[in-house]
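Take a look at the structures below.
What follows is a pair of complexes built around subunit A, which joins subunit B in one and subunit C in the other.
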Partner chain A sequence: MLDKAGFEDWLRELAGQFEIFGPKANDRGIVNWQKLNEGELPDERPGVPKGSIKTFFFPQPETLLEFSARPGTEDAFIPHEPGTEHKPRLVVGVRPCDARSVVLNAMPYEDDPYFHKNRQNVVLIGLACRQGCSTCFCTWTGGSPVGTEGLDILAYPVSRGYVLEPVTERGASLVESAGPGNDATGAELKELEEIRSKAPSSLPETMELAPRLREKGLMDLYNAPFWQQLSDSCINCGTCTFLCPTCYCFDIQDETLRGKGRRIRYWDSCMFPLFTLHASGHNPRGEKVKRVRNRFMHKLKYFPERFGPLSCVGCGRCVRDCPVNIDIRQVINELLAT
Partner chain B sequence: MNPYLPYPARIDDIVIETEDGNLKTFRLVLEKKDERDSWNHVPGQFAMLSIAGKGEIPIGIASSPTEQGHLLFTVNRAGVVTTALHKMNVGEPIGVRGPLGNGFPVDTELKGKNIVIIAGGFAFTTLRATLIYMLENRADYGNITVVYGARTPGMLLYKDELKQWQERDDLDVHITVDREAPGWTGLVGFVPTIAGQVKPSPENAAALICGPPIMIKFTMPPLEEVGWTDDQVYLSLENRMKCGLGVCGHCNVGPVYVCKDGPVFTRAQVQKLPVEF
Partner chain C sequence: MTTANERITQELRQRARQLLESGQVAAFVGYTSGSMPMVMQPFVARTPEETDRLEWNSFCVLNLANYLPALLKSLEPPRRPGDPPPEGPLPKVGVVATGCWSRNMVVQIQENQVQRERLVIIGISSRGMVDRKKVLGLVGHADVTSVKEDDNSLLVKGPGLEQEINRWDVIRDNCACCVHPDPVIFDHMIGDLKGERKLGERFKQVEEIENMSVQARWEWFTSEIDSCIRCYACRNACPLCYCPTCFVDDSRPQWVGKSIEPVDTAIFHIIRAYHCAGRCTDCGSCESACPMGIRMRILTKKLQKDVLELYGTEAGMSLDTPLPLSTYKLDDPQDFVLTESLKGEKK
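On to the complex of A and B.
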């Protein structure tokens, strides 16, 4: 257990080793991931920050390769791996749903060297949820408000400060570096137990969705009649895919400027018609209904068939920020009823 | 190993294949000897051709793994990268990332079978690789029948090789063009029509079909009429791709990735998938 002052000191200590990030409100009150300055603690308001933590593992954009774009030089247009290294990062105030998304994304990214390098470079300190929000449903997707998957340390917020639970070895050695801290009082231990026991009950009742959706027929779900109606209101803005922690699709493009070139990848969205457009003009998902269906089917059926769990952590960002109120929970219920 | 880093290569030769100049075959040689020596692919696989500053494109490998020392890619000029490639000259640097995908099961399911290759237009490229491979290992296969068609005689690929194949007596080759053309003495008619006339026997046989979707659609009924089933028919799908590794999400057809699980699927497999290709 560290009281707030002790936690601050600890972060100050760690700032020598890491760049420190956490949820922080901007001048309009929107909480998002920002660098924390000395003495700043993560914003603890219930719910998740605007954007997901995929930004730390899957930066926007990420340089894959670099090359000289000066014709005539010997190595012109022959790409090589980028040499730049950046300081290790420590992210505090990570909600368990966000942390779990890293574990899920690691499944398709198994052989991706950039993703793994980022994982080695980023330490996650979680913040247990005292209560869910109206848009939260981690309990439907295999997660928990006090889950530890993907985290190095889980911090439980108690009145005086935080009770730290190390999860990984590297988390344990960081907790050790904090020193003995304060002894938790009986009241604080009670608070901790209350978070553990009561937080899940503030959320929708736990469901084992992945096996239930896995056993449904692929084409039965694909041909379900509700897709058309659902997609009618979608405006293909892509907000859901950009805010979603488990939307990991990307585009690769080359850019050159003043004799230097790089190949970058950046977030792409299956909501956009260009995503699947062939050079011939043919588009296999040219219609909106096909794109809307693809996004949900990928999360709830295709991904589970390949990897087991849903590609969704129930953070509720897509529900919170969809401009036309499309709700993945309703889609799940429709699929279960199909 | 970084799967996004292409092998450096050079353009060793360029052949203009078709009368419209839109299809060229590029012969590429990997720059490093160890990479050249360790390269191995299965006919039907593809690679990403990488032009730094322009981007990458997935292209089927038109050469057989038995043709050592170089790789062939027949490329239709269509988008940004292929247009840039068509403007390049012999000796210029290029990158190759691969081989990617699964390829035709030439050393497993297809071994010992009678093989029927049906191709239309410029989809012949990986089937050329397959045919060359089978001819190099001729004893491993039964009868080999080829039906290949293009719009006009000038749009046929690999014209010199087609002549050589027609002269072989261990190969049954039917080359056709869509309509009569001056100087053309060969078959005239669409590929499905010619396939219907050839009536290949389905007994202990497999068909490898590549071509425009409409050609595949009309080729199936005459085959089914003589007893072919969907699990004997191998197709090669294509979709827009970026990574070629099953990660970036662009090429999925329902739960499968064309780049990683394909591009070769049996028709029986394709029939169980949404039509998103």
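On to the complex of A and C.
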């Protein structure tokens, strides 16, 4: 166990090796992922930061390659690996739901070299949840407020500081580098036991959703009557997909500026009509209702059928920030009732 | 004791039910409450029974005019490109409108996106809507689980939180500087018209920025938009944005980069604002929809001020007031807009 001062010292030491990020409030009071300066600890208020952790593994944008865009020069338009390398990153204050999303995204990204390179370069230190938010539902999706999937270390917040639990080998060697730390008091051990054993009362009861949704008939869910009314409200913006930790769809483009070119991969959203527009002009998801349905069917039906778990970790970001209050929990209930 | 909004809700449900029952409209667009406090869900009632779900309160912030063009089109009998328009009157839609939304409907009518005769407008004079983000700011961005509304106050509750807030302290910026709360077109009114509001400093927010140095203004702009995630909630919440393919989505030609490079984000916001010049009614839908708390309506407010100063007009105030930037006259006093041949004909 490290008290707050010990934790700060540890981060200070790690700053030689890593760029350190964590949840931090901006001047509007919005908590989001930012670089932590020396002596800064992650913001610990309940719930997840505004944006999801995917930004570290699936950056907006990712430069895939670079090239000279000056015609006539010897190396014109010959691609090479991007030159910008950054220090390895250490992200602290990661909620278990966010960490789990990395594991889920690794399933479709199994063969993606960029995603895996980022995973090697990013260490995740989790923060167990003592309290859930009204929008949290990790317990429906196979997660837990003290889950360790995707993390290198899980920190349990106790009165004086944090109890560190190493999860991976590299996590263990980092914990070792922290030194012996402080001895946990009896009261703190009791706190730890409580966090581990008792899910916050604000979280909904655990449900085994994935198997139940996998069993449902695909076409029954697809043709369910509620999609029309649900999509009536939707404005087809990308808020849900861009804040979602498990939305991983992208598009690729070449950009050139003043003789320099780069190929970037950037976030795309199934909510946007151009997402599925074919070169022929045909659009298989030309209407809003089809796009809305696809987003939920992908997360709750197609992904579970292909990979097992839901493509949702119950972080509640989409619920919290949808401008028209579309709630994936209600969609889940509708699907279960179908 | 019922609150003003509860009385409006009751009358709204009755009116909407009547319209659907009598078959005057095929659908009615209003709001219903969902799972989140302070976020209303725009809602299309298609049966008389569904009108019981309609609700009216201080969080009805997403401009309903936004839904009209697509909804009206969806109610038309299907036809292929090139088919003649169907004969006889087309199904109508009922919709709630405050001052700004009704003005957006006027703009949509003027721009041929919506036909007046296909709308049945239930007018409500707006008291101003509440800014959810201001409420969250006042309670330290705590987890709010319920908000009970009285005529002049809000009771905000959450785990370990119970706070009464004066509604007038958390009114949206656009509502605070609005002078036209009354609907300009309507078929039925709920409550009375209130008349124009007298307000000394309509453009205070804009003037503060105008008075900055060029450098400080640029810094304000870049820091205001630096958290933008390009989700386009602002664009999609806007009733003026109905282009089949938006300039930001178009890739042939590509007008603007797609990622969150600062220069691309800046171009998106500047062009989005300019596209709304002379058409924006300052309904605030863009700002209310933004998940990041960006105040992009200050840009459109500036353009509203410019249009008022240059042309002496405001968007959508009546069906007869031409839109300043899409009106074309042969005897335009500024004849640079005319080609040489047209100038020749004029002589």
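Convention: the second predicted complex is superposed on the first by the 334 of 338 C-alpha atoms of A that agree within 3 Å, B and C clash if a C-alpha of one lies under 4 Å from a C-alpha of the other, contacts with A are read in each partner's own complex, and residues count from 1 in each chain.
Here is the rule we use: a contact is a pair of C-beta atoms (placed from the backbone, for glycine too) under 8 Å apart; a residue touches a chain by one contact, two chains touch by 3 or more.
Keep in mind it's a predicted model, so treat the numbers as computed, not measured.
After superposition onto subunit A, partners subunit B and subunit C are found to sit side by side with no clash.
Contact with both subunit B and subunit C is seen for A:Q253 once the two complexes are overlaid on the shared chain. Contacts of A:H278 after superposition: subunit B is touched, whereas subunit C is not reached. By the touch criterion defined above, A:N294 reaches subunit B but does not reach subunit C. Of the two partner chains placed by the overlay, only subunit C lies in contact with A:N26; subunit B stays clear of it.
Measuring only between alpha carbons, the smallest separation of subunit B from subunit C in this overlay is 5 Å. Shared contact residues on subunit A (touching subunit B in one structure, subunit C in the other): 251, 253. Across the interface of their complex, subunit A is touched by residues 2-6, 8, 50-56, 78-79, 82, 93, 95, 238-240, 242-243, 245-250, 252-255, 272, 274-277 of subunit B. Looking at the complex, you find that subunit A touches subunit C at residues 25-26, 28-32, 45-47, 50-51, 60-61, 131, 133-135, 202, 229, 232-233, 235-239, 241-243, 251, 253, 255, 264, 266-267, 269, 272-274, 288, 319-327, 329-330. Interface of subunit A with subunit B (complex): residues 64-65, 67, 69, 76-81, 108-109, 111-114, 218-219, 222, 248-254, 256, 261, 263, 265, 268, 270, 275-280, 284-285, 290, 294, 297-298, 301-302, 305-306. On the side of subunit C, the complex with subunit A involves touching residues 33-36, 39-44, 62, 66-67, 70-71, 136-137, 140-141, 143-145, 158-159, 227, 229-233, 235-237, 245, 249, 251, 254, 257-261, 288-289, 291-293.
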